[in-house]
Structure formats: structure tokens, C-alpha cells
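Given below, in the form of C-alpha cells, are the structures.
What follows is a pair of complexes built around subunit A, which joins subunit B in one and subunit C in the other.
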Partner chain A sequence: MPYNCAVIVREIWDTRDLVGTVLKEDGGLNEAVLTTRFEPEDLNALEMALQLKDKQGGKVTAISVGQPRNVDVLRECLYRDVDAVVRVDVPSVKDFDTATLARMIANTAQKAGPFDLILAGLDIVDGENSLLGTHVAASLGVDAVTYVDALDEIAPGRVVCKRQIENGSEVVETKLPALLVVGVALLKDDPRTPRSAKATLKLKHKKTPIPVSTLQDLGIGDPASLKTTVLAGYEGIPQRVIESKQVDPNDEPSLKSMLDDIRRGG
Partner chain B sequence: MIENFYSDNEDLKFHMEKMVDWKKIVQLKENLGSSDCNYENAEEALKTYLEMLQDPIGEIAAKRIAPRAAEVDKIGCAYENGEVKFPDGLKKNIQDLTDAQLMGITIPTRYGGLNMPKIFYVAATEIISRADASLMNFFGLQGIAETISVFASEELKQKYLPKMCSGEWTGAMALTEADAGSDLGAVMCKAEIDASQNPETGEWKIKGTKRFITNGCGDVILVLARSEDPQKYGGGRGLSFFIVPKTPAVKVRRIEHKLGIHGSPTCELYFDNAPGYLVGQRGRGLAKYTAWLMAAARLTVAAQAVGICQAAVAEAVKYANEREQFGKKIKEFSQVADMLIDMQVYTEAARTLLYVTSQIIDLQEGAEMRGIKEDERKYSKFADVLTPLAKYYACELCNKISSDAIQIHGGNGFTTEYPVERLYRDARITNIYEGTSQIQVNWAILRILKGDLDELFKELSGKRYAQADLNALSDKVRKSQEALKECVEFVKGKETEYRDVVAKKVCDIVVDLLVSYLFLAQAEKWDYKRKVAKKFIQDALPRIELNRQYVLSGNGLELDILNQQDSPVAAGSR
Partner chain C sequence: MSELLVYIEVNENGITDLSLQCLAKGAELAKKNGWKVGGLVLGAGVKDCAKEVIAYGADTVYLADDARLKSFVPSAYQRVLTGFLKQKNPGMVIFPATTRGNDLAPLIASELDLACALDCQNTDWESGKFFSRRSEFDGKVATKYSASGSRGLVTSLKDGVADSGTADAARTGQTVPVEVVLNENDLATKVLKREVVKSTVNLKAAKIIVTAGAGIGTKENFALVENLARAFGGEVGATRPVVDAGWTTADRQIGQTGVTVKPDLYIACGVSGAVQHRVGMMMAKKIVAINTDAAAPIFKFAHYRIVGDLVDVIPKLLKLVK
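Up next, the complex of A and B:
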């Protein structure tokens, strides 16, 4: 039986292989030197949705907030055979806190749905808090399961999934619709390893118009009113400078002193 | 883990982004702006090509295929009860290529392909081969679908191409027999047809044995077989080309146990009156269709060789950066650095020849399609020399470069702990299959002596640069080009035997000159290439002189050394 899924997808800073100065003097990001990429955790969530579609049928809809910078994540979703995409038409996600973004996504999902499942990747862009998914669930009033590694079973009205916990995993069941925050794919041949683009879809969708929803369409008058946190101050991270030391491996006292340094956290 | 085999390869990117005349290629290949064309203009096509090289091709190669390569090599293919068994990694690789819809790259879209230019396919082949050289023998078999697309009847195209493009069916080409290797005119496999049937469209029966058939267990086999009466049409003139679908009458007798490319099953096939369908015209199987298919296959093998070079250089550089001896990284030792520089420069040299050749083939095929006779004649003349040269050069270099990669690794490189020994084993087939290096040289020399490259040399040597240093280098190369003229004149006046002895040296001179000029043209567009051009020309000029002296010496083979009854060389065979 087919199930319809929505997937939340984001474009994030590409922090791999950073060279040069990426922090400004005040500790803030020097955005001009950075590029972006498709949030890899969201690709895991997308893969889970596409695998469910391959197996059971149904539609996959991808939702994103804000304008693309280097990577158009929604177009990338089309290249991977999602059925529909929606962009929330705001200039930048930076202007909003997690609760506000969650409301925008929730309203989009309500408008584009109904969905049996809403999938999100583990969030590394909200300060490792991974809260966007759970905020969306709260906004929609549906159950949320976090750190999901696999969908074990899905049936009308219920889903059984495996979630990671400390020192192992547990199997939990919840009712549909539900929001799942998908965990990190670690293994090379993890069945969730995200698929690449499909060549003919790349040809087909390279200029497909991406539908947008304005805040007005979503019934959000003043997004500032949705804000639950206020930035009261900002302190940048000082650049860490790690000096390397050469230790003579044959000299016992230097080795001991090195170990002491390590113990002290030096 | 390296993330993407296209975006991490600055040299390949440079060729694709800066050196290829895409506008011309796309205008010939596509009906820009029409409803059956995927692009509005050439820029859009180029953007799509480059994006596609990155994802899915570079992405799948780095993240999926490369991590499986060691296991595929270790387990290899197996033969049990008449069936060929693939290692799991290979099955996954084929599935990934199929899922990404990459099995019909050059085939027209109406048959389910992508209608991409040859040069794009060659770049994709290089990228895939870098991840796993043996997988080229599946990915690179798209030439079979292409042969069907160019020469077979519409009915056969409709029947076979869509499933080949979707990856549902894989192909094989069955040319070689036990006694017909390089000499395909000696093929014995028979094709017969009942007098009641129409030979053009009817069912032929194929009978005979074929050997060394890559993926002979595949679903669609192109077979070269003797269809004509040997009394009337002997040798190559009696051979035709057939599509033979997989049926119980096509039996895999065994697979070879090979030094390398373990992820590619090499089968012995027995056709037991297997049904087959004629491709093109009778009697043109060898001269036209096999020649066409082999030219395509040679280019693909050259791409495979460049892919192996790239993998070997990457491994060697990585190791030389990590490994420390005498308190410093080994890349800081001059002899090691010298090897690394050579590996890099000659990989770039092989790549240069590969992509110039591919571009010329695209221009030739495009001109043919558009009926631009003058261009077709010009480019086809160039392509006929450049294809064997590119194959010869890249494959010989990939043997040398993968061997040097082991040398950089020292004892570690000789163990299976490091991937370089696999690269070295995989490299070894490249200068053997689809025509040995010697066969390539034979092909090329005839055309070089005929002057088929003169026009190209004229174009290259006449080029002037804005920078004085490039002009100075170009002048030196032009001076060196006199050696080629001298050699060609000298060899023309000699008998065939002498020509064969020095053919390789003449080809080496040609390649050195070509690559020198091509590097200079690259230096105009990328500052780094000035250094590469300078280094290459510095190496090439004395090499050209050495080869010139050898060719002009007039010394033939010292056959007495080989033939003398009591010579130490012959001792083993007595």
C-alpha cells in the first residue's frame, strides 16, 4: 500500500577540506570564502523516503526554506526522482530561529499534504541540537522519533522503526502520521547510503520551475511573532592555534612529560 | 575518503572546461532549439555535461565503486555449471550504473540513451576506470550498443537498444578465436541461413567457438562469423556481423584465470547453431563494422589506461606524502620527487592525446551526420592515426606509471595491503587487448607515412602565442619536427621489413611532437601548464633526436642473434 512522505532538505556550509581563514576577526563566519552543499543527513532522510516509494509506492515531496546559494537542493531532489518540491519563499534562513522555520515547514506540509511520514535528517546546522525535526512534529501535533536508523515495518496507521540509543538500538512503534529524524549513515554499504542523481532526470528537470510558497500563502503574517528566542549577545569562537612539538622517542623523560601534557589536556 | 572523482581531478576538469570546443561539437550533435533536443543552446548542454560528470559519474565512482574495487579483485568472477558468477561488489556496481541511467550515454534519446558526445563518454570511462579498471569492461561495452545504433536495421535497434540503455541487457563482442587473434581475417566461426529465408532480415545459425570474450555471458553478443563461401570470398571478405541474443544455444564453456581485471569475466563461448541476425551488409563484417567497433573500443581502452594512471599517481602521491624515512617525507627525496613529477606529467600527456583524439572523433562523426564532406574527410584522416596512437601511448604509459607507483611504495607496494599492485596487474592487459601496442603501431605508421597528419601538424606548428616563452618553446619543437620529415622520407624509401622495425620509433616522434604542441596550447589557458609544457618538451627533444638517429641508422634487425642455432637466446627452445 502506498505511503506519502515529505522530506525536509537543506543547503549547508561545506566545511570539508577548509583552507585559509574561514572565520572573521570577530569569530563570525567569513561567508564569502565558503561554498555550500546538500546537507548529507538530509540525503539520508531523502533516501529513506525514496526507498519506501520504490517498495510501496506513494509520493515523495521535498520541502526547503530560503533561496539556493551554490546548490539547489530541491532540483537535486527532482534529479533523484521525488514527485514534488516546494520552496518557502523567504530571502534567507538566517533570519529565523528553529521554531519559526519549523512553523513554516509545518504549514507547507499541511498545505501540500496530507503525508503519512515526514522525514528530516539529523540537524547539524542548528548548533548540533537536532531540533528542527522535533519542532516540526510539535508544530504539526504528530509524534516524533529521533535517531532513526531503519524503517522495520509500515502498515496503515502505524510504523515500526529502529532507533539508535547509547550502546545499542531499540525498536519503537508509533502511529501515523509521524515525523522521523533519520540518523547518520556511517557504513560504506549502509542500505541507506544515498543514491546519486539519475542522468535522464537531470536532462528532464534542469529547468523545471520550482514551485514556491510565500509566507502569505502559508498563513504566516509576521514571522517575527513566531520567534521563541532572541539573540541577546554574540561571542565568537577564538581561533584555536595548536602548536606541534617534536618528542624524541628514545628519551623517556620527554615521553613522560608528553603523556603528562596529554593528561592535563595540553 | 575522496568524495568525487571528477571534481577532485583538476586536469580532467581543465580539459573539459577549457580545452574542448563544445560549441562546435554540440551544434553538430544536437538539433539545438528543436523539440527533440534537450538543450536550448550550447552553453546549456555544456553545463549539463559538466554537472553530469560530477554527479552521478564522479560521485558514484568515488563513493561506491572505488571502495568495492579491492573486494571485487580479490573475489573475482567464477564459473559454475555453465554459469558465470559475479562477485557481489560487481553486481552492486552494475546496479549503481544502471540506477544512475549511465548505460546508454551516446545512444540517441529515442532509444532510451542520453545522446551525449563521445568525448563525454570517454571522460566518464576514465573516471569509472580510475575507481575500478575492471568495471570499464561493462561500462565501456556501450560501444556494442553504439555499433548497433550506427549500423543495424531500425527493427534491430528498436528491439535491442532500449534494454541495453536501461542496463537490463549487457553486451559482448565475439571476434577473437583460438587461431584468430590479431589476425581476424582467419575467423572460422560459421554463419548459415536457410535458402527459404531473407538473409537481410531472417534468422541465421551461428556455429563455432570464440575465445577471450569479455562478458561473453552477456545478453546481446555481436559476433563476427564467416557467412560467405570461402572459395568465392576468402579471408576478411567472407565475414559478416551478427547480433546473437543469449539463448541456451550460446554456451559459456569456461572463463579465463587472469593476472588482472578480475571483475571482468573473460569467456570461451560455443555457439551451437545459435540464432543470429545480420547487422549491416554481408561481407563487410571485418572491414567496416569490426574496424568501427575496434576504433571505438581502442578509445575506451585508452580512457581506461588514463584512469589507471590517475589512480596510480593519486596513490603514489598520497603515500610519498605520508611515508617518512630518515626523518623526512619520502617525496622530499629528489629521486622520488623526480618519479612523481614524471608520473604526473605523463599522465597529463596521455590524457591530452586522449581528449584531442576524442574531440576529433566527435567532429568527424558530427560532420558525417551533417553531410559536411570536407570536414568529415579531414577529421576522419586525423582520427584514423590518432586513435591507435592514443591507445598505444596511454596503455604503454599506464604500465610504466603503475609500475612506478609500486616503486614509490617500496616493499609495501608489492603486497596486497596497498592498491597499487592491483593497478599494476590491471594495467597489463591494456596494451594487449583491442589490438596490442604492436598492432596500433602498424595501423598508425602506414597513415603517418602517407602524410595523414601533415595538416594537423601544420595547424599546430603555425600557432603563435602572446607570450614570448611559449613561442620560444614552440620554435624549438618546430625545429625538432624536421626530424619527422627526415625519418618519413627515409623510411618511405626502405622495404616493409625495415619500416616495421622502426615504426615504433617514428610513432614515438609523432606523439612527442603532438603532445609538445598540445601542452603549449594548454599553457596559454592555465599557468600551471607552462611548467608541464616546459618539462615535457625538455624531455621530448632529446628523445626525438635519439629516435631520429635510430630510424636513420638504416640498421635492421640482427636476426642472426635470434636464429643462430647455438645462440644463448635460443637455448631455451632447443
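Up next, the complex of A and C:
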């Protein structure tokens, strides 16, 4: 039996091993030193949807908000064989808080649906939470299952997932439609490991127009009225300065001297 | 009088340490702004926790003790919490930044039109407003969040936000029952199975920790890391991939979704040093890193950098330690 899925996809700052000064003198973000990437957990969520489609049929629709910077995440979805994409046409996601973005996505899903499952990735940048996904679920009035490791079973009206919790896991059943927030996949053989873009689809969709929805289309007259959370500013975090020594593992005296230093509390 | 509310997470082992840290943080803020501190306790058979929550600093405990709250079903917990919080019109609700706290906080915020900031390192009261700070951009920038307009803020705080403090059995406070009204829809989600390892180790108290990262490659090499820990009289820690691979249990996980540790000595074996792990150990006094990859991020914050294969290096260290 086919199930229709919507997947929320985002282009995020790539904050791994940043070098250079992230903040400008005026306290703003130094965007020139920052690059972006496809939110990796969103790719895991996309993979979960595509696997369900491979197995059971149904359509996968990818939804994104804002304009691409370096990575056109919706086109990347087309390259991986999603059936439809929608871009919420706002100049930049930076202008909105998560609650507002969630409303845009929820309204888009309502217009493009109905969907049996809405999937999102965990928000992983310097945290691990489902702020966006949970807000979307609340906007849609559906139950959310978060930190999802695997979709164990799906049947008319219900879905069973395995989710990660502190010190273990849970198996949770919920009713459809449901929102799943897909968790972090670290192992090479994780079933959520995303597939690559297909060369043939890259050729096919290089110029495919991406359909857009405006805020007006989504019935959002004044997005400012939806804002609950204010980003009040950035502060530099002093970085720990570490005196670092290279120790040659093949030189026993150096290893010994390191151990002596450690023993002395040095 | 205004009241700051703290969600107290109770699991198989009782009240979680992070909940007590959040409570201590709440009490610290309340001292600043003259608010009262209320603890929110939900679950089945959790009545006895109320006394403890008061002993740790709450003025009032709001208690929802109901058999239907035995399993953590977000929609049911949310229904009980929002029903109660609606009357309170809270200025601040603090949750521990756990899977449970991070599930509940945005649900509550969404339902009650409150601001929401998750996974924060700290929260503070400044010039008549609450601000939560979250470490972002590879730990280089703290982003400050607050509520828009006069609405309240819901925030979740990470391990290390405060000392969990000590219980003062002489403290007195009130316990107020919270009404539990649930319909079928609120309980539509069901927890079919829950598997949790009981913590057998207190890594937070360990002075020496030897940690295995994904770079160890095999379960056999995990035993090597264990040997090294034993030789140093320390505990074994692990990164998340090592736990996911099943080479050790989840109670040994250090980092984002594990524990935060500050030992005197931290020996990282095959640990790349990704930010998810780093946040849990970067305050260790001395860090020794063993990794084959000279470019691994761990070497940027290790006091002693050993570029080499742990299969060769660990036996050499074992020989010298013994």
C-alpha cells in the first residue's frame, strides 16, 4: 500500500572545524568565512522517505524555505528522485524564528498534501533537538516521534518507529498522519545513510523549474506577528588556549617523559 | 508573585541529575529577580519525589501523579502541562535538555505561544528579561535568545549548567496536585518497548578517563582501550559511534547526548574530536590524543599529540605505566 511523504529539507551553516573569525567587529556574523551544506539529518530523513517509496510506492515531496546560497537542496532532492518539490519564496530564513518557519512549512504541507508522513531531520548544529519538526507537528496538529533511528513498520493508520533515548531506545507506535524527526546516523552501514544523486536525474533536472509558494499563497499575511523568539545577539566565546606537545610514539623516552609530566600533574 | 517553573524529569533511577541542575539554576535566578520556584513533576508513582524537589530548592511542587503518565507520551504530557500552565501564564519554564525535555519544550511553547530556545548552556535574568545562551558555530559563538514582546520563554538547559546542589531536608514547601484530563487522542501514541541500560559507572566523578572513538575500528581494540584505563586506574569512556556499534554500553558515552566530564586526565584513543564529542570533554585538565590522522580535530585541543596507531601505541604505554 502506497504512503505519501513530505520531507523538510534545509541548507545550513557548515560549522564543523571553523577557522577564521566567525563574528565581525560589529557583532554580526562574518558570513564570508562560512559555507553551507545540506543538513545531514534531513538527508537521512529523505532517505527514509525514498526507501518507503521504493518498498511501498507513494509520492515523496520535498519542502524548503528561502533561497539557495551554495547548495540547492530541492534540486538535490530531485536528483535523488523525489516526485515533487516546493520552495517557500521568502528572501532569507534568517528573517524568521523557528515557529514562523514551521507555520510556513505546515501550511505548505497542507496545500501540497495530504501526507501520511512528514519527515524532518534533527537540528544538529551545536545541539541535537527537534525544534523545527516539533513546531511543524504542533502547527499541523499531528503527533511527532523524535530521535527516530528506524521506521520498523507502517500500516494503514499507524506507524511504528525505533527512537533513541538516553542510555537506550524505545519502540513507539503512533497514528497517521505523523511527523517523524530522524536522528543522527553515524555508522557506515546505517540504513539511513543517504543515497547519492543520480547522474541521469542530474541531467534531467538541471533546469527543471522549482515551484514556489509565496506567503500570500500560504495565507500568511504578516509573518512578524508569528514571531515568538528573538535572536538578541551573538557573543564570542573565549577559546581555551592549550600548550600542546607532539610526542613521538616510537621514542620511548618521550613517552616516558609525557607520563612523568602527567604524574606530576603537569 | 511571579513564579519560575522547572520541569523535573523522573525516570527508572528517580529524579535525574540534570533536572536538579536546572532546579538549582532556577533557584539562582529566582534569588536575582525575587520570583518563586515551582517544580513540575509528572509521572506514575512519583508522589515521593515532591519532598526531594522541595529539599533541592523548589518552593512549590506541582504534581501530576497518574497511571496514564507511566510511559512518556509527549502529547499526553503536553496536554497536562499546557492545561496547568495556561492558568499560570509563565514567564519562564526550564526543561532539562534531554530527549524528553527537548520534546516537551517546543510543544508547550507552540501551544501557549511562548518563545523557545533549546540546548542552551545557560540562562540568565538581565535588565528585567530572561536570556538563554546557546553555544553555536563550533563552540566559538554564544547566541542569545529571548522572548518577543511580553511573552514567556521556554528553554532547555544542557548538562553542566549548574551544580545539582545538596538536599536540605529542613526546607519546607507546598505540594499542589495538577489535574490530569486526557482524551483518547492524547494517548494515541504508545510506547511498545523501552530498553534502557542501568548506569553502572559514574564518569562524572572519574579523575582519569580513557576514551575509545570510532578510530579504534574493532571491538577487540576496545578491550585494548579498557586495558589502558585499568592500568591508569581510570574509567573507560566512548564516543557515540562506538556505542552505536555496540562495542560498549550507552552509560559510557561522553558528549552531546552522553555525559559531560571534567577529569584530570583524558586519553582519547581513535577519537576524531568532532564537536559533538568535544562539548563533553573539552574541560578536562590534561588531554592526550592518540590518532593515526595528524589532521584530526582532536589534535587542536590536546596537550599531548601522539600521531600513531593505537594498536602500537597502547601496548607501549601499558609497558611504561606498569
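Annotations
The definition used in the following text is that the second predicted complex is superposed on the first by the 219 of 266 C-alpha atoms of A that agree within 3 Å, B and C clash if a C-alpha of one lies under 4 Å from a C-alpha of the other, contacts with A are read in each partner's own complex, and residues count from 1 in each chain.
Throughout what follows, a residue touches a chain if its C-beta (ideal position, glycine included) is under 8 Å from a C-beta of that chain, and two chains touch if they have at least 3 such contacts.
Keep in mind the model is a prediction, meaning the values are calculated, not measured.
The larger set of touched subunit A residues comes from C, when the choice is between subunit B and subunit C. In the superposition on chain A, A:Y147 makes contact with subunit C only, not with subunit B. Shared-chain residue A:R16: touches subunit B and subunit C both. Legend: residue contacts after superposition of the two complexes on their common chain; A:K206 is shown touching subunit B, with no touch to subunit C.
Contact with subunit C, but none with subunit B, is seen for A:I165 once the two complexes are overlaid on the shared chain. In the superposition on chain A, A:A32 makes contact with neither subunit B nor subunit C. When the shared chain is aligned, subunit C comes close enough to touch A:S139, but subunit B does not.
After overlaying the two complexes on the shared chain, residue contacts for A:E173 are found with subunit C alone; subunit B is out of touch. Applying the stated contact rule after C-alpha superposition, one finds that A:K198 touches subunit B and leaves subunit C untouched. When the two complexes are superposed on chain A, the residues of subunit A that touch both subunit B and subunit C are 16. Residues 13, 15-18, 22-23, 97-99, 102, 123, 125-131, 134-135, 138-139, 143-147, 160, 163-175, 184, 186-187, 190, 227-237, 239-240, 242-247, 249-250, 252, 255-256, 258-259, 262, 265 of subunit A touch subunit C in their complex. Those residues of subunit B that touch subunit A in the shared complex are 3, 38, 44, 47-48, 51-52, 55-56, 59-60, 63-64, 67, 92, 96, 99-102, 105, 114. On the subunit A side of its complex with subunit B, the touching residues are 16, 79, 188-189, 193, 195-203, 206.
Interface residues of subunit C, counted against subunit A in their complex, comprise 74-75, 97-100, 102-103, 106-107, 109-111, 113-119, 131, 133-148, 151, 153, 156, 188-199, 214, 240-241, 244-245, 249-251, 256-257, 264-265, 274-276, 279, 282, 286-288, 290, 297, 299-308, 312-313, 316-317, 320-321.
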